[in-house]
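Worksheet for the structure shown next.
Lettered A, B and C in written order, each chain numbered from 1.
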Amino acid sequence: MSRDHKPHVGFFVSCLADLFRPSVAFGAIELLEAAGCQVEVPEAQTCCGQPGYNSGAVDDARPLAQRVIEAFAGFPYVVAPSGSCAGMIKHHYPKLFAEYPEWHARATDLAQRTWEVTSFLVEVMDYAPTVSPLQGRKVTYHDSCAGLRELGIKQQPRKLLERAGVELAEMQATEVCCGFGGTFCAKMPDLSEKMVDDKLNNALDTGAGVLLGGDLGCLLNIAGRARRRDSQLEVRHVVEVLADELAGPAIGEGER
Amino acid sequence: MKQTSEHFQDSARAALARTEARERMDILGLFMPAMRDAAVAEVDFEALREHVKRVKDHTLDNLEHYLRQFEEQVVMNGGHVHWARDAAELNATVLDICRAAEARRVGKGKSMITEETGLTEHLEKAGLLVTETDLGEYIVQIAGEPPSHIVGPAFHKSEQEIRELFLDQHKLGRRQLEDPPAMVAEAREVLRERFLSADVGIIGSNALIAETGQTMLVTNEGNGDLVSTLPRVHIVCASIEKLMPRPEDALAQIRLLARSAIGTAVTAYTSFYSGPRRAEDLDGPEQYHVVLLDNRRTEILGSNYQDMLACMRCGACLTHCPVYIGAGGHAYGWVYPGPMGSVLTPLLTGLEEASELPNACTSCGRCEEVCPAGIPLPDLLRDLRADETRAKITPARWRWGMKLHGWLARMPGLYQALTGTAIAVLSRLGRRSGGFRRLPMAGGWTQVRDFPTPQGDSFMRQWKRRNKEAGNG
Amino acid sequence: MAEGSSGILDAVRQRQYGDADPERIAEDLAALGRAPITPLDEEDLLEQFLTRLQVNKVDLEVAASKPEAVKRIARFIYGEYNSHRVVAGNDRRLAALPWRDGGVLVRFGAAASEDPVSISYARFGIAETGSVVLYCNRDNPAANNWLTRDHIVILEYRDLVASLEDAWTGIRADSDEQGLPRGVTVVSGPSSTGDIVGHLVKGAHGPLRLRIIFLGHIPEEVLARTGFESTPL
């Protein structure tokens, strides 16, 4: 493949990776480049608008969606390291502009070009990552709701992990919500606590030392609860493992 | 029924503290979805629900036609149709029918509509002896509690609680009631007498068939059929959206309903009733009445929430919802719990009376995935949250928080400068511990979990720095 | 009051999307077609029916002839109740059975609460769901379906159909001829409840057992594959 034919990817960082976990964004870019893409990060990006959209502040979300649509115009592929951000763009942007024909067309166009990173690596690039240092450790995987149900992301991260030599110990109820739910976890902390405890207990029951997932919202929630319970479970984004970005502390861990 | 939906969180907290009940709910949340998944795998679920949805959409779009057709057919079969605009009109109509028939005893089958109108209480106040005959409804009736699940009203009660209830309420002397079969046998004996002595039988309906004027009734116990058969007067209470054009359409729905509700292809009894006993019949009621309830459904019709009228009350969204499993049915504070209740309750009782419910949702989407009517429940809940924001029911600090976020995030330069600085500070403060046990303005988060420390400088800062260095070098 | 419907129909008309043209409504409805279900092969019919009966916890006996059916019923009620008495509706097909020769005393009429056993003659059997279709009418009073402890239903092989819809084709034909019966009921097992901690118990209010006497032949291997045994008379 000549350099000119490299798929051109506009990378959507996602606000949580930007602020909490830059290694996820760097790792994703590294993987995309290793898979043969030419990656660009538009600087005029902040947030996809999900917090406002999901909590009912639709009018505050719409201008953010317009910024994203503008910032990513022209990229044949837009890739995000998050099922919920990609789901927001793919599924909810068109709904957000149902009554604005011009923007609706642009939103639909963007939706068709947008991918979550693991599904892009598997379905478009058929990428095989190098063997991970996690090989031989007991690892479990949490399926994030938006990725799973809006984008059908289930086998893609598992395929990549398998190619990287990581074997998964699947937990019970892996497809059940971890209790994050955006503002839900702050609005209804008691119910959220119950749900994240269930998730954590199911993960620990597998005997796994590491929990991976594809959405930082869930992972911050699970890791935050694990720390509060003094659990040693190591929580990381799947991209960190695939790109071998494992030098720093896991989510919520102090510096060693 | 006194509505307590605004105390959702307090009730949920109380439910979470009851360890034994909580464990039972957890089992329900594993067991019911497993049963449902296995049963649904027998059919082409997607194709079937698509078909049923199209039929239901068509019916709702032409509801006036089908309601008229249904009424005509019921009258032709020798029955009466009554229209009730609200709960009070339904209750009054039913009481009038009971009084005209000089009835003393009423046997009731399961009906969510009569839960919605509080019919039992209304009839009891008027001096009638009303017995719920569905075993679950009977248990909550003698316990003096509302149902906690639309299919299994007593799912919240333990075996021991039910045993003690029966030992206390059935005056039958010393006995063991060692297991559920013994308790069911006792209830059978006690209730048998009530069936035989009832003057009026009242029941709900899973579908009203326009073409034939039949009312479809789906049960496992057979209690609904007994109250439809033995008393002199048979009253069916149903809401107007239950219409289906043809028997075949109701049959298509059955395939999804039983599988979604209890994980079986069909229930023990699926019956279609169409009027009083015929001249040559040896049994059956002398009078047959159908009371059609509106209760704000005409407001839902033609609105953004019309899809909710396709709900077949299977309860799959309840047992698949991790919030319902945690909070329990009573926390929802009215007749309908779980995701379907969180949509329907605000629509039927007013958003102010139930503003917590649309927020009792993580948008996980499991309800929509299993809904046999294809109702986009997470979207409808999100729309209700948008209605709350517009009506300023959402607390001001959330509304202003979202406004501030939306305003700031519109300006990438300012956003990145401000968040970049804040993140850098947090990262330095929390580097060693890895997380914060408390943070200003993050009380909801840190009440139950640490706030993980950001890794270091924001990605955008690092990326720009890197690009600058690359440019310079 | 605007009309009998207290204005509800007016409100519905104003809110609904459709334009109330009956011809168009009928066309739209016809265009919706039938429910998408997998059709059953003729040879799978019996096997499917029996598989479902097993799931539905229905007891089954096969009788090659009507006299044999009566003998099997006699043996069952004598074994269970040490009695020869049953109640049955006024179905002509029931009246024509050789009861006396088989040793069964039938009271024709509606079941009372004291009757332990009732007998019905199925209008249809449905392979898809393992059900029998019974009418609630003069031929089969509704009480006979729900009041007794044991409900015995005779089903002829020729009345076994594949799907719920297939049964309804026949029900429509019957109704066109004789009028709609007060009740049409699809019975798919004994009465049961899971209302006490999800524990499935048979005999909630209706029959504790449902027994189908199948009039016809079922190959041994089909019986074996579906977990039934042929019982010699």
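Basically, a contact is a pair of C-beta atoms (placed from the backbone, for glycine too) under 8 Å apart; a residue touches a chain by one contact, two chains touch by 3 or more.
What you are looking at is a predicted structure, and each value in this text was computed from that prediction instead of being measured.
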If every chain is a node and every touching pair an edge, decide which shape results: line, ring, star, complete or other. line
If you take the mean of the Cα atoms for each chain, which one ends up farthest from chain A? C
Using only protein Cα atoms, the chain sitting most centrally is B
Take the average of all CA coordinates in chain A, do the same for chain B, and state the distance between these two points in whole angstrom. 32
Please work out the Cα centroid separation of chain A and chain C, and write it as a whole number of Å. 53
Chain C residues touching chain B in their complex are 4-9, 11-13, 15-18, 20, 22, 25, 28-29, 32-38, 52, 55-56, 89-90, 109-110, 113, 128-131, 136-138, 141-143, 145-147, 164-165, 168, 171-172, 175, 179-199, 201, 203-207
Give the list of chain B residues in touch with chain A in this complex. 9, 12-13, 16, 22, 26, 30, 322-323, 326-327, 358-366, 368-369, 379, 382, 384-389, 394, 398-399, 402-403, 405-410, 412, 415-416, 419, 423, 430-435, 437, 442-445, 447-460, 462-464
Can you name the residues of chain B that touch chain C in the complex? 24, 27-28, 31, 43-44, 47-48, 51-52, 54-55, 58, 60-65, 67-68, 71, 77, 81, 83-85, 89, 133-136, 139, 152-155, 157-159, 162, 179-181, 183-185, 187-188, 191-192, 195-196, 212, 214, 220-223, 225-226, 228-230, 240, 245-248, 251-252, 254-255, 262, 264-278, 280-284, 292, 294, 298-299, 301-303
Name, in rising order, each residue of chain A that touches chain B in their complex. 13, 15, 17-23, 25-26, 41, 43-47, 49, 51-58, 60-61, 63-64, 67, 95, 145-146, 149-150, 172-173, 175-177, 179-196, 198, 220-221, 223-225, 227-228, 248-249, 251-255
